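Heads up, the thing below is written out as structure tokens.
By written order: A, B, C, D, E and F. Residues from 1 in each chain.
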Amino acid sequence: MPKKAKSEKLIRRGVRTDGRKIHDLRNIKIEVGPLERADGSAYIEWGNNKILAAVYGPREVHPRHLARPDRAFFRCRYHMAPFSTTERKRPAPSRRERELSKVTRVALEPSILTKLYPRAGIDVFIEILQSDGGTRCAGITAASIALVDAGIPMKDLVAACAAGKIDGKIVLDLNEVEDQEGDADVPVAIMPRTGGISLLQMDGILSQTEFKEALELALEGCKQVYELQKEALTKAYVQEEAPVKDEEKSEGEEQNE
Amino acid sequence: MPKKAKSEKLIRRGVRTDGRKIHDLRNIKIEVGPLERADGSAYIEWGNNKILAAVYGPREVHPRHLARPDRAFFRCRYHMAPFSTTERKRPAPSRRERELSKVTRVALEPSILTKLYPRAGIDVFIEILQSDGGTRCAGITAASIALVDAGIPMKDLVAACAAGKIDGKIVLDLNEVEDQEGDADVPVAIMPRTGGISLLQMDGILSQTEFKEALELALEGCKQVYELQKEALTKAYVQEEAPVKDEEKSEGEEQNE
Amino acid sequence: MPKKAKSEKLIRRGVRTDGRKIHDLRNIKIEVGPLERADGSAYIEWGNNKILAAVYGPREVHPRHLARPDRAFFRCRYHMAPFSTTERKRPAPSRRERELSKVTRVALEPSILTKLYPRAGIDVFIEILQSDGGTRCAGITAASIALVDAGIPMKDLVAACAAGKIDGKIVLDLNEVEDQEGDADVPVAIMPRTGGISLLQMDGILSQTEFKEALELALEGCKQVYELQKEALTKAYVQEEAPVKDEEKSEGEEQNE
Amino acid sequence: MSDSYKIVAKITKKQIADNLLKNTRIDGRGLLDYREITTEIGLLEKASGSALVSIGKTKVLAGVKVEMGEPYPDKPDAGVLTVNVELTPLASPSFEPGPPSEDAIELARVVDRGIRESKAVDLNKLCIVPGKKVFVVFVDLNVLNHSGNLFDTSALASILALMNAKTREYTVSKGGQLKYKKSTTHLPIQNFPVEVTVAKIGEKMVVDVSLEEEAVIDAQLTIAVGKDNEICAIQKSLIGTFSQDEVHQALQIATDKAKEIREKVLRGVEGWLEGKE
Amino acid sequence: MSDSYKIVAKITKKQIADNLLKNTRIDGRGLLDYREITTEIGLLEKASGSALVSIGKTKVLAGVKVEMGEPYPDKPDAGVLTVNVELTPLASPSFEPGPPSEDAIELARVVDRGIRESKAVDLNKLCIVPGKKVFVVFVDLNVLNHSGNLFDTSALASILALMNAKTREYTVSKGGQLKYKKSTTHLPIQNFPVEVTVAKIGEKMVVDVSLEEEAVIDAQLTIAVGKDNEICAIQKSLIGTFSQDEVHQALQIATDKAKEIREKVLRGVEGWLEGKE
Amino acid sequence: MSDSYKIVAKITKKQIADNLLKNTRIDGRGLLDYREITTEIGLLEKASGSALVSIGKTKVLAGVKVEMGEPYPDKPDAGVLTVNVELTPLASPSFEPGPPSEDAIELARVVDRGIRESKAVDLNKLCIVPGKKVFVVFVDLNVLNHSGNLFDTSALASILALMNAKTREYTVSKGGQLKYKKSTTHLPIQNFPVEVTVAKIGEKMVVDVSLEEEAVIDAQLTIAVGKDNEICAIQKSLIGTFSQDEVHQALQIATDKAKEIREKVLRGVEGWLEGKE
């Protein structure tokens, strides 16, 4: 997206349009398991983004010829509700949504022990109920929680966060206005235990140095998001007995490595 | 559909725009078996409505995964020819046509002894060649005859007719102008022997009392339509030997009940 | 396509807009095997037409239910690149492209020994990179070479060429302007050894006599095209050992006849 | 919406039927009891209006967008209303991504008829420049969790989202130029239709069928009832039949339940309606 | 349109071939005889024009609608003509609902070419305001029963429906405003193309191939012939080939049969054409 | 684009890996060597601009069409740029005809971002009448042969075709009427982004992965670098991960290779660019 003229100030005296400082995350609220039918689900509010993620699987794959003999077939769908955007969005998936579906899959798949479920299918559905910049990172973050909630064995959570450049400064976690009028956006996802980067995109213009600074900052953001993810899971499962899912997870990991 | 102002008189001195009295059906002409390739067919002229119905089956189901182990898979398609309407209709099925396809299926299916043909498919195709209000009822009525013509074992015929409200009065069998400018439309289908109502829709505004009156009137209409159906069948088969279809029908019924 | 008024001269003193005489072919250049991945391919420049043809097969058919027990399933796709036309063409196939796909298949299939490969599929893909009138003939001509390059056993090559009527005269090989502003176009394809006509279309208006003259001329054109095809193949394979494909071809032919 | 067959293995037809004989239901409800209805209104800031309605575990989110558009040629003086349903794949293992299924289309059209026929929105007040510019009201329904009774849940979410919706006030110059004012205003709502689906299981009539029960229903009638107890829309679904008497019974049940639901819901949302009149 | 394979079990190739050796056909016709052609014209009141044509058991209904629209940018002075074919699933067990198949598209385009190239409709007379408003003529073909020879049946239904079609007369004010008059007028028809499909079975040339015979045809040529015996369109179909001589033969047959059919049909419909000129 | 699995049977993972340990590749290249890059520019006369780029056996043809159209409502002063990719079935046994696949969409969007974000085309100069008429630049990519590294090949073909593209010069009268002049002019090109895809195979970083190697890549980063070494777009693809250090390495490699490629390509095409400034 082309950026507007620089005259409009997105940062005044170190404060951004929504009151944050340049290295601040927006408020993030994660709810585990809001949906009953799905095998796992999560709801995230990230600033004004409101997003649901649901997981179905392991289950049979339709159509069957998609099934893989040596591992689970993993699919993701990133979809925006028609009322989630400023102008109403047509319900059919746009090219942008189809690309983000792929990028989301690629961000999540390295953490999933797909080899434990040959021939099965695992589906992640992300529905953007309200968008305000950074939906792909918020969606990946929520989907990762929904996968845990579904008891899918994983090597690690996946935590995502963007950094970007506005008014000449590298800042954390762009909101919609900052994304549209800023200079660059760098969404990142990591598997926090190994630090492996599973999502990395960039658009805008950054010098080599600026890019490195933005990447460093986004990785910091991912770590903060990871803490919030763990907190939400602990809160959700603390009254319950030690969730079976965790055991499965470590077991799965051994088998896979 | 929003209704126009009440100033336009649809009934003057008890006479409707097409010369009928309030409890009159339009002229109905039913022809059995006009199409050669179909396993069964019927043509109906109902006022200015001109409609063909064809039945194929029992036959193999495509795609095969739709086949049901315990009964025939029954499908209906209600479709309007592009030249059937005042403004040319695009050939692709509209949402309205897709809903009416479902409603038609649900109206016909209870009469069909689908359990006699596990794994098979039975298809009803209704093509509206000219529409003038009340096409769904006319289509169901014709399809029922086409099913008999195809020798599909049935518990009963299905006869359909609408009642509605225009100029403050409950009347039988609305034509297009009456449907568009009237206050309410209540299409109904019955299996006449048991009186079971298999289609019931309503739109417009009716008080509880008015609705009851309209339903009563529509049921009367259905019974008249039933007589015309029987007449058409008798006429079609009277020169032939007693149609095998009838025997199959009673047999099927026993097995099913 | 309706034709323009006759006032614009397409032929002046026996010379056409592109400098040709009335019985001249445009320049034709054929390249064998330009594409590496395809099992066979050809590139043709025919006047300003620039066209690629590729062949895949014999290979498995998808979806499988299309496979034929007694012969190969032969498919053709004629497609125009968006930048191939004066106005940009939308990428989705138009009705014209779908008809030409069928016509191309029918023109090529009689020469192919499909019975040698029961249950297999053979696919021809023709991509018009630049169009200037006569693309179907040029595409068929190129596809025929690509089939040889793929080693598909054939009874004969297929050579195609059109004749038409402009400014009241029957001429060979209409270019785009002549096609649009002329009076008639007669594309023809033949299997040159038997003279069998496998493509014949016409649009415009011709008297019986004119049509016969046009057909005669188009057949002459096909023969010239055939010579160019053989030349291209000889040139392509002359340094190589006698191509296995030829042996297969004669063998196949015996079996088929 | 018959994706309940898997569950039937566990809770048998027989169990459900036995309960009904005793006039109770497997979850303990009476025949004419709804599961708990909760509503959350105005939860989305970007939509013109929104409502999340839960009936039991079933959850439907309705978002309303009001945009500028052209009227239909045959109704140049009226705004446009469209209802669209997305049976999101989050909501049930049997909902697949892709163009709307027959079920989604039927659901959208039944909800649409309830709103349209009851004249819930005064479309004539949504005309800006006759024949040229009108407000287009999009009601988009996102089914988030399907545990039965999508008709009633979706219809309720729709009308509440419409009641919640606000548009910018505007003036039109003589030249037909539109100028927005800063103030906003509610949509011209003039009715509150409630859809009640009455199902027949054997001889019994029940309301608010749960997913488990769906597998054993013979037929159902969805009835939209307006604020003055008028009937605005009916849709029979499923392949069973009703007798004339049963239709009358269903009508009575629907009228009673619609009134009850309307009152309960309005009581719960007094706050957000206050500024309205 | 090769859905005849099931029938071939009953009526074997051999039988058909044996008959042809004796220059007769399994249904008793001569090689160059059509089955009975019947036409019913103007049977639909809502269409601008309509015709139902049967050739033997094959039945095609053509409906014409004339509406207002925009011209193509490259032909600002000409009306628009479009031909669309629906191979309705009523007509054959092998026709499936859904977007038009390759066969339906080919059929539509071959019918379209016969009408367009013969200049059957004078499109220049359908221009209302150059570059802005023209009449759009939709010819919609509904194949109702497929018993062979869809090309000829569809083409005949189309031209008859066009001849039957009437549009409202109108005046255009200086300001470009269109005003309809009460009177109607026929479309400007100036040719009567007839399409004849000549098939090759072995060495024999036959016309009006029935469904049973379709299974054994090698190749066929559909030839549109105008009122002055001019050729307006040709389409070879099926995967056999013709020799040059055979093409000439086919051309002669088509010319003769086209004339015959045109005369027979016009005789049968004198009544409805009377008021025309 | 993972249609390389069939080839892996022949050239095993092990072979590829063994080679890499020795810092060479199965085709003899060094880790950071591209296959031969050839460019043919302006080869299509009907397109506004065109370029055929081969990297090794991979061939992508880009055609640019410049047409008149409307601006986006939110950018009334800017021309419109769209990138579309056709993975033609000629190019690989795994590409099927039909609407664009997820892979085709990703490829188109990554190429689009490289051009758009680097401001390679000054879209503001493509506005004719603000809010009403602008030039629309269509970049259509036809993948003709897929032997690996479609991202870099496609991006290079796109920018070269854009540099080759010419539009008619024009004047706009006060009344907003457009009048074309006979002269043509190049598009307003102001950057030359080059996309370099750096792949990770085990511990090694390589560029320009061939089809055989594609089967063993863990992850890859496509990095668009502008003429001043600025980064304009990044896309990570495939399901492996990168460490932060590896990202830095990849960035360095991409910057170096992009410069090298840009210089090499510009040297090769001096002729056709001459008349430009």
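Structure notes:
Note that in this section a residue touches a chain if its C-beta (ideal position, glycine included) is under 8 Å from a C-beta of that chain, and two chains touch if they have at least 3 such contacts.
All values reported here derive from a predicted model rather than from experimental measurement.
Graph distance from subunit A to subunit F, where chains that touch are one step apart, equals 1.
Contact with both subunit E and subunit F is made by C. The minimum number of touch steps linking subunit D to subunit E comes to 2. Over half of the residue-numbered contact pairs of A-F are shared by just one pair in C-F, B-E or C-E, which is C-E. A straight line joining the Cα centres of subunit B and subunit C is 52 Å long.
Subunit A and subunit E have Cα centroids separated by 58 Å. Centre-to-centre separation between subunit B and subunit D, using Cα means, comes to 28 Å.
Centre-to-centre separation of subunit D and subunit F, using mean CA positions: 49 Å.
Listed for subunit D are no residues, as none touches two or more other chains.
Chain contacts in this assembly form a single closed ring in which each chain touches exactly two others.
Moving round the ring of chains, first from subunit A across to subunit F, one meets them in the order A, F, C, E, B, D. Considering their complex, residues 43-47, 50, 57, 59, 61, 63-65, 67, 84, 86, 88-93, 96-97, 99-100, 138, 140, 142, 144-147 of subunit D touch subunit A. Within the complex, the subunit A residues that touch subunit F are 1-2, 95-96, 98-99, 101-103, 105-106, 109-110, 186, 190-191, 194-208, 211-212, 215-216, 219. Partner subunit C is touched in their complex by these residues of subunit E: 75, 78, 100, 102, 105-106, 108-109, 113, 116-119, 123, 221, 226, 229-244, 247-248, 251, 255.
Within the complex formed with subunit F, the subunit C residues making contact are 35-38, 41, 48, 50, 52-54, 56, 59, 77, 79, 81-88, 91-93, 123, 125, 127, 129-132.
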